[in-house]
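Please find the structures below.
The following pair of complexes shares a single chain, chain A, combined with chain B in the former and chain C in the latter.
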Partner chain A sequence: MKKIVSLAAATLFSLGLPLSSFAQENPKIIRLAFSGAGTGGKPASGGSFLATAHQKGEIEKEFEKDGIKVSWTFFVGAGPATNEALALKKIDFATQGDLPLTVARSNGLRTRIIMKGSQFSRNYIVVPTASPIKTIDDLKGKKFAVQKGTAGQLRLNRVLEKFGLKESDLKVIDMNDDSAKAALSTGDVDAYITSSTDLVSRGLVRRIYKIDDPKVNAPSQIWVAEEFETQYPHIVQRVVNALVRTAAWASEEKNREEQYRLWAKTGTPYSDYKEDFKGDQMRDRLNPLLDEYYVSSLAKSVAEAKQFRFTRREVQLAGWVEPKYLNQALKEQKLEGYWDEFDAEAKRKKAGAAK
Partner chain B sequence: MNAIQSLDNAQVLEPLGSALPRLHLPDCRGLTPLLKRLAYGLAFPLFLLFLWQTATERVWLPPQILPEPAFVWETLLDMLGTGELKGHLLASLQRVAWSLLIGGTLGLAIGFAMGLSRTAKAYLYPSFSLFSQFPVIAWSPLMIIFFGIDEALKISTITVAVIVPFAVATYKGIENVPNKLMEVGRIYRFSFRQTLWHIALPAALPAILGGVRQGAMQAWLALVFVELLASSEGLGYLLVYSRNLMQLDVVMVCMAVIGAVGLLFDLALTQLERHFSKWAPKGY
Partner chain C sequence: MKHIARKKIVSSISLALLALASNAQAAAPSTEELLKQLQTLRATVDALQKQVQEQSESLAKTREAIPEGAEVATSADIDGLRSALEDYKYDSARNREYSTALTTRGLTIGGTLTGSYTSSTSPSVASSNRPQGTPAENSFGVGASLSFAGNLYRDYNDGRNLDYKLGLAFSAPKFSNSAASTNSPAQGDSVVRLTDVYLQYSLFKTNGGLENEKLTVAFGQQKIPFGLEAQVSDELKPTVATAQFLGTSALNNIGQRQIGLIFRGDIEPTVDYGFNYRAPLVEYAFGIVNGNGANTSDNNSRKDYLGRLTFTLPVDYNSLFRELKIGASYYAGSKNLNSTTSPWPVLADTARSNRTGFDISYNHNPFGLTYERAEGSDDALLTPGTTTDPTTKRISSRGQVLTAFFNFGDIAQWSKNLNRVGKFDDFWPSTSQVYYRYDHWDPDTHIAKNEILKQTIGYNLFFAQTTKFQIGLTHTSYPNQNKSAIDDLTALFQYGF
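This part shows the complex of A and B:
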């Protein structure tokens, strides 16, 4: 008997199947990260179902019984800092914007995209209230704050391109959200790109341009490090299960207000979220599907990152998006069709058309 | 005395013969002393390069964090070719030049005042001693409030870094002008201007040039720090930006250029200093 077992083990081993995948070995800790932090570096995030999951302790609940610890990191250095942590194998799951995501892959960092993080965000180009700047053209030669290497920078480049401008036509200065807001109010920078409505309601800034094109505001995503996914696929499934559960809760209109309150723990006021999500269905903004819109948007981001010279090497799309965990969770939780799919043009597909 | 000169003149203590086998440096007869020094000096960097190469080959660190030397070299050539490096380098050099001009003038003025006039020294020296205690970084928050984040911030911060070595060197240089020379001046009833131009300045020149050299080095070091703060061009800026895009090869190129330019500054000014030391009065 013993011999057969060892023989079987040897066979499996020689086939390259690690025994651990059968033994369902568990990690000691699951490390999740946000590419951003609350005001003044507060360890909190808002505006996504992952943020809601963090606030409500959903991942912790899922793994409590197994004694698996869950840790959350909030990088003030945003997406670029997440990439450094990924390279040093310090995180397993993260949410990130499109530019740092693409930069990571072009540098050979391996991730699997498992869910959309959020979509259809609204962003604005703002200037100090007293500023003479009125149009995008007026921005030429002006100091523009953006956190470099983040999705905001790629977004800015897309807007500028629409107006026939380049980043080098402006003086683009690297600043995180906190610094940029301070610099705007002291007049140290002339313009900023932000989703925040708070500065407007306080009368500090004026919007000169609204970015509501879903092709300019690329969706964010949630990924798992490829190494972790290979080693613990069953854990990845359970993380996705918990996140899909949270996304469904977060998408219910009756939970809207409560969710704003949870997100307001970031230091971004309640009113800011209320204004930001006004007129949108929660289930559209917090849609986790890896639909046509997502995949085409990703391909577009990759091409643009190259075009604007943020990446230098080719980025392989094949094998990057991994929808199987999400599909499994949707099936188990009977949520297929709950969220609408969007096509490459970001138009809603008619119900039933996808099936 | 400054670091490099004192190193050159220092007596090197050999390891004790009984405790350690005496290390014999390879005999390089036939080489000029300069080449010899160069060869010894390069040994350690070459070893580091070897270590770096090995580290990347064996992937001690992920390639995203530690790119291989050949790749960094390629990037350097590429950045030289596209003129990208030149643009940033010029922006940085321009800042340093302005700061040296402003800081140098102020530093020399303070130094001369303290060196030549007891009254000026009595008024200025205590405040100056305090002023020279702050590192440049400690100035930056105040500077940001006063000057914003623009070019004024960069130049003023670097200027602060420049003033101290200039002033100290000038002051010390003049203070150490041999008394005999001053006496000669007094005998000939030199005017203040004559004393300054014909005695103080020539005698103090080597020391002042030492200050210029240190000032330039300080400026270069401060520059990189200031450019990290908020800029859209310059070597320090490129350093941070490349890190955000995970282009560690560019980061390393920037570091190499910063180091090389600093070394070049140092070498050129040391030569100048030596040249002027030759005819300066000595041995009093």
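This part shows the complex of A and C:
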């Protein structure tokens, strides 16, 4: 009998079917979430390979044959809403900015960061066109709109700190993107921090400060709920496989225009993405690597969240970033070295390696 | 473009040659003159060629800027767009004038409609809203309310807004003392009465963020801040029915809306922006009201005073103790005591009608627990049948309600975060809820065997943004009394708009 079992095991092993795969259960549904929605609450996102994967149905294609359903949620309440959904065990994967991610961890929510979402974004501080505000110093005492609890708030604090200011020096008003744009165009708020250029092109606002420092604009990330990862590691690997495939497609320059058109389904104009990504290589912006830049940036965000009193408790970094799924996918898809790594200073590690 | 430019060159050369030819016919020019004319002609040709070159370069640059596969709009396309835009502007202006309800100020219209079916083991007695003389053991029913709310002044700087609310509700007709009164509706008529009628002003700024403390003052007819049952939404109260102690024959001054001035505020909110969570450490309310109920003027010179204080544990969203709240309420009321004999004289006009309350709630989605205890202390005439004896006695009463509920499904019904998701269709997450409710009422604690106990088990299905289906079985018993228990089955749809 033993011999028969051993023989069967050996046969299966040689066929590339590890025994464990038979014991692995599949979930009925994989629930992914974006910390944000398109203009006016459109169920779409842009500017990342996860958004591209959603638009192209890449995750659905991966799990179609298994009959596993895939659901996408777009939280208008951004990162904080994603956190509540995680706390209530309503989502399995999500993309988030650094502040809500850090706050969730400090509150005991368990996630594993499996990929970088995007990096090197550009943001601007904008004011109504007719505003007398010209510099960051002029913002003192002015009404500044920001969606509190999001990466935008931490970004604002970093900018203010550069100029020796604090949030309390301004009248910071909590508004989501749609409300802030409306209030800005009617002059009900004095300033806003945004990556979007549509209000500029409509002549409603002008930029007073460009934020293109990679240390101020922290990268976004994609995480999996720890409970899901523990239960379905093979599914996590397949999700990452599909996302790496998409990231590689998205990083190809020949696909740049098509991708802008896909992202424009959010209601953010095509021209916005074109302007935002101008001068950047797609493979730099849509780089999924959990490199030195990412890890040091995460540590910095954690420290700053504490410094600016957004978190009260210590955040443990150990075991949070889990690169094994990404590394496996890169290996399988022969994409090791395809994306450049960046050091803690956001400098390309391989000089002149830009492709 | 190139073709047009070429045509121009050809035309220019032709004209020049024609001019030369006609000149030749008029008088033979000299060689020098001919050379000059040729030079002029060459200069013209060069200039035109340069122009064509520039236009070609400009066109090439424009083409480069056009994304691959994109279509180029022509002036005819733009004219078409302009025309469509003008049509749209005309249509919207016309629709606004003829087909749109306009208001003087910003307005939100809302309401609730209820359709129910009730079956009881105890036949109902004939009353003003039931067919006279034909007790029914089961009945369909309807209910409705309508509200108008908005702001009269909007403060863009600090959010110190002046808001208003007007609420109307369908109610069963009430017969007046006089049959000839116009307030005596015929059988089948309904009465629409005012519920909320108030102005509310935010004394503290409201647009700074969740960490700002709040303080509002509301004047008019409104719900009063006493305990849980009298004021909470279905987030903490799974049943449509309210507690027995709020009934018209019970502690009714806290069970109905009152007319007066009420301040509501909070101190030291715990804010967890990681979840958009806000829980004030202390919430307070105090006010002065007529004490005579809704849509009724006061009948004495004294006012009723009320106050409420609650404490919520200052913990983060993800804490096990999230939304654990303890509250205490007090209502100091006064009332007239009338003789029950005609002409119903007022025998005492300083009678006491006080209420004290304690409540605790733990709302930790997906489960929750509430407990509320309200006690009444009322003066009553010792001999109400006389027209002269003002001697009073004191009646103490007590009501207790315990509710436990568990939510499952999408459990997004009361979460602003989970409800606000980007969707193209009208999809709404569905939430199921099972609940148990213990509702005990002792109308006079000095008298034994007069208590009523209602126990309900039920199920709520929230299957759209504002719609719920509820089914509940209520067992009413009369502890230590020789009275049969009653079972009521109620099923209802409640839909808001």
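Note that the second predicted complex is superposed on the first by the 328 of 355 C-alpha atoms of A that agree within 3 Å, B and C clash if a C-alpha of one lies under 4 Å from a C-alpha of the other, contacts with A are read in each partner's own complex, and residues count from 1 in each chain.
Criterion: a residue touches a chain if its C-beta (ideal position, glycine included) is under 8 Å from a C-beta of that chain, and two chains touch if they have at least 3 such contacts.
Keep in mind that what you see is a predicted model, and the values were worked out from it rather than measured.
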Fit or clash - chain C, chain B, common chain A: clash
First (chain B), second (chain C), both or neither touched by A:L88: both
Partner chain in contact with A:K148 - chain B first, chain C second, else both or neither: both
Which of chain B and chain C A:N107 touches, first, second, both or neither: both
Which partner reaches more residues of chain A (counting touched residues only), chain B or chain C: C
First, second, both or neither for A:R122, with chain B first and chain C second: neither
Which superposed partner A:E257 touches (first chain B, second chain C, both, neither): second
Touched partner set for A:G41, first chain B, second chain C, both or neither: second
Stretch of chain B penetrating chain C in the combined three-chain arrangement, among 62-70, 116-124 or 188-196: 62-70
Footprint overlap on chain A, comparing chain B with chain C: 80, 83-84, 87-88, 103-104, 107-109, 143, 148-149, 171-174, 188, 310-312
For the chain A and chain C complex, residues of the former touching the latter: 37-38, 41-44, 73-77, 79-81, 83-85, 87-88, 90, 99-100, 103-104, 106-109, 143, 148-149, 153, 171-174, 188, 257, 310-312
For the chain B and chain A complex, residues of the former touching the latter: 62-65, 148-150, 230-232, 237, 240-241, 243-247
Of chain A, residues touching chain B in the complex: 80, 83-84, 87-89, 103-104, 107-109, 143, 148-150, 171-175, 179, 183, 186-189, 310-312
Contact footprint of chain A on chain C as seen in their complex: 67-69, 156-157, 207-210, 272-277, 316-319, 365-366, 410-412, 415-418, 420-424
